[in-house]
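What follows is subunit A paired twice: with subunit B in the first complex and subunit C in the second.
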Partner chain A sequence: MSSADTTSAQRVVAAADHGAAPLGRRAGRAAFWLLKRLFGGVLVLWATATVIFILQALTETNRAKSVIQQLSGSSQNPTKADVGAFNSKFGLNESVFHQYWSWIGGLAHGNFGISYFQHEAVTTIISRELGPTLVLTFVALALAWVLAVGVTVLAAGRNNFASRLATGFQLLCASLPTYWVGTIFLVVFALDLGWFPVEGATGVSGLVLPAVTLALPVSGFMGQVIQDEFTSVLGQPFVLSARARGMSDIGVRVRHVIRHATLPALTLSGWAVGYLFSGAVLVETVFARPGIGSVLVNAANEGDVPVVSGVIVASAAVYVLANIVVDALYVVVDPRLKSA
Partner chain B sequence: MQPLLDPRRRSATRTGARFKRLSITTVAVVTALALSACGSSATGNSANSNSSSKNASDTISATSASGGSTALSGDSTAAGHIAAQVLGQPASGSSKPTDGGTIEVAWQQEPPCLYGEWVQIGYLSQQYLEELVASGPNGTVKPMLATSWKVSSNGDTYTFQLRKGVKFSNGAPLTAAAVVDNFKSWFVPNPATYNGYAESEIGDFYKNAVATGPDTVEVNLKSPYSDLLSVLSQYALGIQAPQAIAEGATKDCQDPIGTGPFEVVKWNHGVDVVLKKNPNYWQKGLPYVNGIDWKFVDDDTTRYASLQSGENDVVYNVPAPEWTNALQSYQVLRYNTGGTPFRFVLASKWPPFNNVLVRKAFGYAMNRSTAVQTAYLGSRVYEPNGAVGASTPDYDASLADAYTYNPTEANKLLDQAGYTKRNAQGVRVNKSGQALTIKLVYGLNMNATQDDVNFFQIIQQQVKKVGFNVVLVPVPQATFFSSGAGWPGIAKQWDILPWYWVGRTPDNLHVIWAPTIGNQVNVNNPSGDFPVSNQIAQLVASPSATTQQKLSDQIQQTVYANDALVFGITPLEVNLAITPKLHGVWQRSDVGEPVFTTAYFAK
Partner chain C sequence: MSTINPAYEDFRDETTALRKRLIAFARSVPIGIWVAAIIVLAFVVAAVAPGLLETQNPYSLDLVGRLAAPSGAHLFGTDQLGRDVFSRVVAGARQSLLIGVGSTLLALILALILGMLAGLGGRIADAIVSRVIDVAFAFPVLFLALMVVTVYGANVASTLVAVALGTTAGYARMIRGQLIAVRDAGYVEAARVTGHPFSKIVWRHILPNALRPLLALFTLGIGNSIIWASGLSFLGLGVPPPAPEWGALLDAGRDYTTIAWWLEVMPGLAIVLLAVSVTVLGRHVQARLEGKIRTNLI
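Up next is the complex of A and B:
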């Protein structure tokens, strides 16, 4: 029944093309693509690690003094012996080049160094705290998708009050400051209505407000992008043809148009992961949630350089991986890209 | 009891004795955070009515609309509570104490380590560490891990008799040898255990500590030090198990072991410190509760909301907008911490504040009393004297009117100082074209809360009228600390630092204004300007209370009224809002640490 529509037609063509190719070649091509992307990802991580190293090497803070004073809670000057012991423990008395190679070499071996304050490996801290933040990030991303797609499918391409309201809602969402939204949600839904816990809860009920807070701005952005594409696809001949076959309006929108419209949103998702990950810093503070964001805030405040550096590299890794996944998903959503 | 030092006598003679020594108190200077200052008009026993509150340890209590809550007030209660702590009786409460439950506490700031001299560590470490002696109201000292003590006739040997049957939470007994280990560790130059507080307080006097019997510790001094007991009662000198000392910083910081009512189960960094009842606790039957979940909730709105939603039982530092609500709906405990008030320290060694006329102009351009009222909404009181707080002995109340709001006078002084023109932004400039820009540098959520920042912003607007351009510069804790002694890290990069120093020993003026403490430059005065070093030296040497009063007044007169080096804002305060169902919480007469030993949930 949908044989006339371009997408399906192309799918058939594409399938025929590749169906002819030996299975091994297809797998080989996919593996090469993945390798290429992973290599690119490693380059990005190396660049990130290098920039972080340069930045921390340029700071003028007397690190040994700051850490010793904070740990003892005293503003007395530490002795030279104390400072020396600290510097040799953390390799700060080595040359800058030596320090750089230890840092990069360590990263390559999964050794991110030891926290100045928590006395444990940075990788231990990150692996412990990454989970809650990843859950928050991806739940928020999923919510953003549901909101963006839902509003668009119902409202795009119509010129009535409801669609203008929907567009306005997306614009509003896109421009809402996360911290403010979080605080308002906290007061209204957690405190006044008592539907959700105010702070710290790690279960599902504790996830709702932080995830919605994070999702709203992203859904606004994605909604805007999807809606543009959606509106233009609605004018395509295959849509007209589908309608001519007597398909319902909502059926056309859901079955045919959405597939086209989600491509740009998919691109945005790679960006959104980064946005959500960094947004988690604020949201975790407002809702007193454990996670990588609150670790980063504390570490930055204390000047715990190994933790700050490690969290940034780990975040970059999440970002790189997310983008590889997004690129792979393109092909799934739009098989036309497979031959490209 | 004859050989024992009678605390009351000590208290009475404190004024006379207190400057007969060199070095002094230096509690964690930068001490930190968010101590909200205050003192309330609500209860009358406010810090500003100075003469009545000569001690540094008033527990002020405003309380409780809801039924059944503990109504505490004034010194008598504090005394009652100290007694309760030592005797093991419930402190207060209208119902019979019941066992069980976990107290959920929402604190604000997470300390970098669970052992140390910073006051932010002290609030927490008092839950699991105890000192040889305890501080009582009015500067008194009470038994704690030591049940009694003798002072030799020449005052240089203190012999402590330890309480029998006390065990650390790891099961090890409290012995004289363990206490000696602690003393030694404080003075060993090893950052893991070294105690800067002990060093700066008694480093100049301490000779050694010797176990003269299984339960007897002798502390020998090089020369008499009359405040030794008071120092030993401070939160920074909690006695740790030898195991914790031997294992060093990793153990100390993460999992300290003490004799206190609770023990550390786990520190989930960034989230909470989980404490459980110490099964070996020497006060039988205490604590009543099973444990404490001590959470770190930095955000003001979230922290207070977590009390309102019932998720937490105790919250620290009630934000100003919620103050009225807290007084109406919860038990509110307030403790007016001794020491210098939260104040502005002016950088008097470089322009523009190296000119006394500009400093004075700044003093007249601020309307501090109005700003305190507006920013803190009653959760704090105004303390004009930047030298010492009203609860300090020898506080000079006559200086209250030294700098009342007077823009005309401010304009006149700035004209005299050569800042005669204004630029396009309305900021005054001098002949060489330098604008009157003032950098106010503070550690956000470290030594300034959001309410404090609101206060700064109000001041910023007030002084703008006479042509000052105040720029607010928040810095992270790491920068604030590393800037350290002599503050070279941010030297010339600040013009005003908000500052305070907490402690209950009476040597506030000496701590801030002596050019050196021990052999080090005195870091307690960040400006590095010590105009009263002569008077401080005389004060230390003078045995006469009258002379001391006179010198003390002179010093306050100089640093505040004449030289305009410091401008007071509010006395320091630790405040707690507590759910009505939780009874028996009180605050120690040291720096207002909350005590949960006698706390219990009403049925």
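Up next is the complex of A and C:
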């Protein structure tokens, strides 16, 4: 045996030692990273709350009149006393700065204000309705992943009829309006074929149609991104070397290529949470599912500003958390980022 | 003969060259793109001159012929008040296209301002604008739109502004990335080293190259905006009735889906057809601009 071999092996070991930080330091770094991200998230939430405050503060003058008229069901101008009572109950007669301060301060203490119409704390309403919406969005996200990855692994980088069909399918999915697809599904699979409950069902069978409806456009977007990346990774040297070792085509795709191709889709998943929330509102309306959607639509119709504001802040919080999780997952999928 | 007047020969060569280029261009465009272009053109005609396509007055009632299935007389059937659905879909094209084009334009203008501030305004401006974009991303498109509608009421202007605000952040991020990529490119560095003033570099080198994808972005955005806007109307929070906006048509037809599927299917098909066609066109323009398809034109 030549000594050159051992020295090069030693060099590799030494390099590996150098690259891996001690476990303690790595944990410390991870904690620091998490703190930094959480702090950034809080800043984003503060900015979100501020934007909402500014948007609603611009039209404060007529609010008492409109709400009182809707509550009493008459179009007469409310008395001064009624308006005064309403304004003082919801703090609208305070100065703008005081209102802003109590809005932000309230949020910091988990107090999102009181609904104009339902006489309930906004947090109570949100915590009651958020569950079904979260279940719907995350099931849809998982479904979208399965669809996008499945189609890509089978179709990307091939130029045959099936792959063109798959690309067309993804394009179509990305341009389909959720509310329309949902209605069609409802008519065909629930009303005509009777495979699924028509509306309002809470069990698993009631979740199938809404989740598929919501997943389709997201899988379309994600599939397009994954497929682009997948195709470019297929040309990488390590793919050639895996092939040269005698690995089967499907093996190469599943073992080597998909890991790379999922990275951009992972980034997209963070963004998709926002998109899924928007879609969930529409899908919940179509299928008459309980959740944030119906709350939001009713509140927007009535002009129930505290509820709409609170729901947006809550959804922004979920979005921020989801994105921190996505960034953490990034390191798991791509170990090259560990040292960065 | 041709030797007598060489100038004529040159002229003739030029016209045939142009014709050849046009033919080459037409041949380089796949058939699917032509189909998409024709569909978009049909929608534009419907928006500009609905009278050419409408078979009946979209507002005239016919209580005897309510909820009639599609037939020769009523291509898409009639609605619960006996109005011709085909004519209503045609009449709705104007509003939907107006909102789609208008909100995409507004969003792109806002995004350009943000993107240029971030990409060319220096490190501090970039940091601030990037945070603003991050915050905007935390608002789901529809939620932001609903906030605008809650506060300013449901009407065409709210819908347009709401959809524009909701989609700006995505465009701004793309434009910023593009500007930064071009800003750091070799030819810009070369221009800087040669001593050209910054403003000239921006106008001559950075903007033309960085903003080339805008056309594709604009085309792709229209379909997206139309879908969001009709989503708002579908929730009953967009364009108020009796305007025949597509989303509003879907919303109105929802109560009758079991007995009159055409009320739901036909306006939806219009949205899908337009959105898919615009997206196909946009992607083709994109491929051309990125040099994946080469011809002498465009």
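By our rule, the second predicted complex is superposed on the first by the 318 of 340 C-alpha atoms of A that agree within 3 Å, B and C clash if a C-alpha of one lies under 4 Å from a C-alpha of the other, contacts with A are read in each partner's own complex, and residues count from 1 in each chain.
Everything below uses one rule, namely that a residue touches a chain if its C-beta (ideal position, glycine included) is under 8 Å from a C-beta of that chain, and two chains touch if they have at least 3 such contacts.
Since the structure is predicted, the reported quantities are computational estimates derived from the model, not experimental observations.
Undergrad: Following the overlay on subunit A, give me a clash-or-fit verdict for subunit B and subunit C.
TA: Once both complexes are aligned on subunit A, subunit B and subunit C clash.
Undergrad: Determine, under the contact definition given at the top, whether A:171 touches first (subunit B), second (subunit C), both, or neither.
TA: Second partner only.
Undergrad: Which partner does A:103 contact after superposing on A: first (subunit B), second (subunit C), both, neither?
TA: neither
Undergrad: Looking at the overlay, what does A:309 touch: subunit B (first), subunit C (second), both, or neither?
TA: second
Undergrad: Name the contact category of A:65: first (subunit B only), second (subunit C only), both, or neither.
TA: first
Undergrad: Look at A:301 in the shared chain and tell me whether it touches subunit B only, subunit C only, both, or neither; answer first, second, both or neither.
TA: both
Undergrad: Thinking of the overlay built on chain A, is A:44 touched by subunit B (first), by subunit C (second), by both, or by neither?
TA: second
Undergrad: First (subunit B), second (subunit C), both or neither: which does A:285 touch?
TA: In the superposed model, A:285 contacts both subunit B and subunit C.
Undergrad: May I ask you to decide whether A:125 touches subunit B, subunit C, both, or neither, giving the answer as first, second, both or neither?
TA: first
Undergrad: Kindly classify A:85 by the partners it touches after superposition: subunit B alone (first), subunit C alone (second), both, or neither?
TA: A:85: touches subunit B, not subunit C.
Undergrad: Check subunit A for residues that touch subunit B in one structure and subunit C in the other, and list them.
TA: Correct list for subunit A: 183, 186-187, 191, 285, 300-301, 303.
Undergrad: In the complex, go through subunit A and note every residue touching subunit C.
TA: Residue positions touching the partner: 43-45, 47-48, 51-52, 55-56, 58-59, 171-172, 174-180, 183-184, 186-187, 191, 271, 274-275, 277-279, 281-282, 285, 296-297, 299-301, 303-305, 308-309, 311-312, 315-316, 319-320.
Undergrad: Quick one: which bits of subunit A touch subunit B in the complex? Just the residue numbers, please.
TA: Within the complex, subunit A contacts subunit B at residues 60-63, 65-79, 81-82, 85-86, 117-119, 125, 129, 183, 186-187, 190-191, 194, 197-200, 285-288, 290-291, 294-295, 298, 300-303.
Undergrad: Can you list the subunit B residues touching subunit A in their complex?
TA: Residues of subunit B touching subunit A: 26, 28-31, 106, 110-113, 116-121, 189-191, 194-197, 199-200, 236, 249-250, 253-254, 268-272, 295-299, 301-303, 305-306, 308-309, 311-312, 445-446, 476-479, 481-482, 484-485, 489, 520, 523-524.
Undergrad: Would you mind writing out the residues of subunit C in touch with subunit A in their complex?
TA: Residue list for subunit C touching subunit A: 131-132, 134-135, 137-144, 146-152, 223, 227, 230-231, 234-237, 247, 250, 254, 257-258, 261, 264-265, 268, 271-272, 275-276, 279-280, 283.
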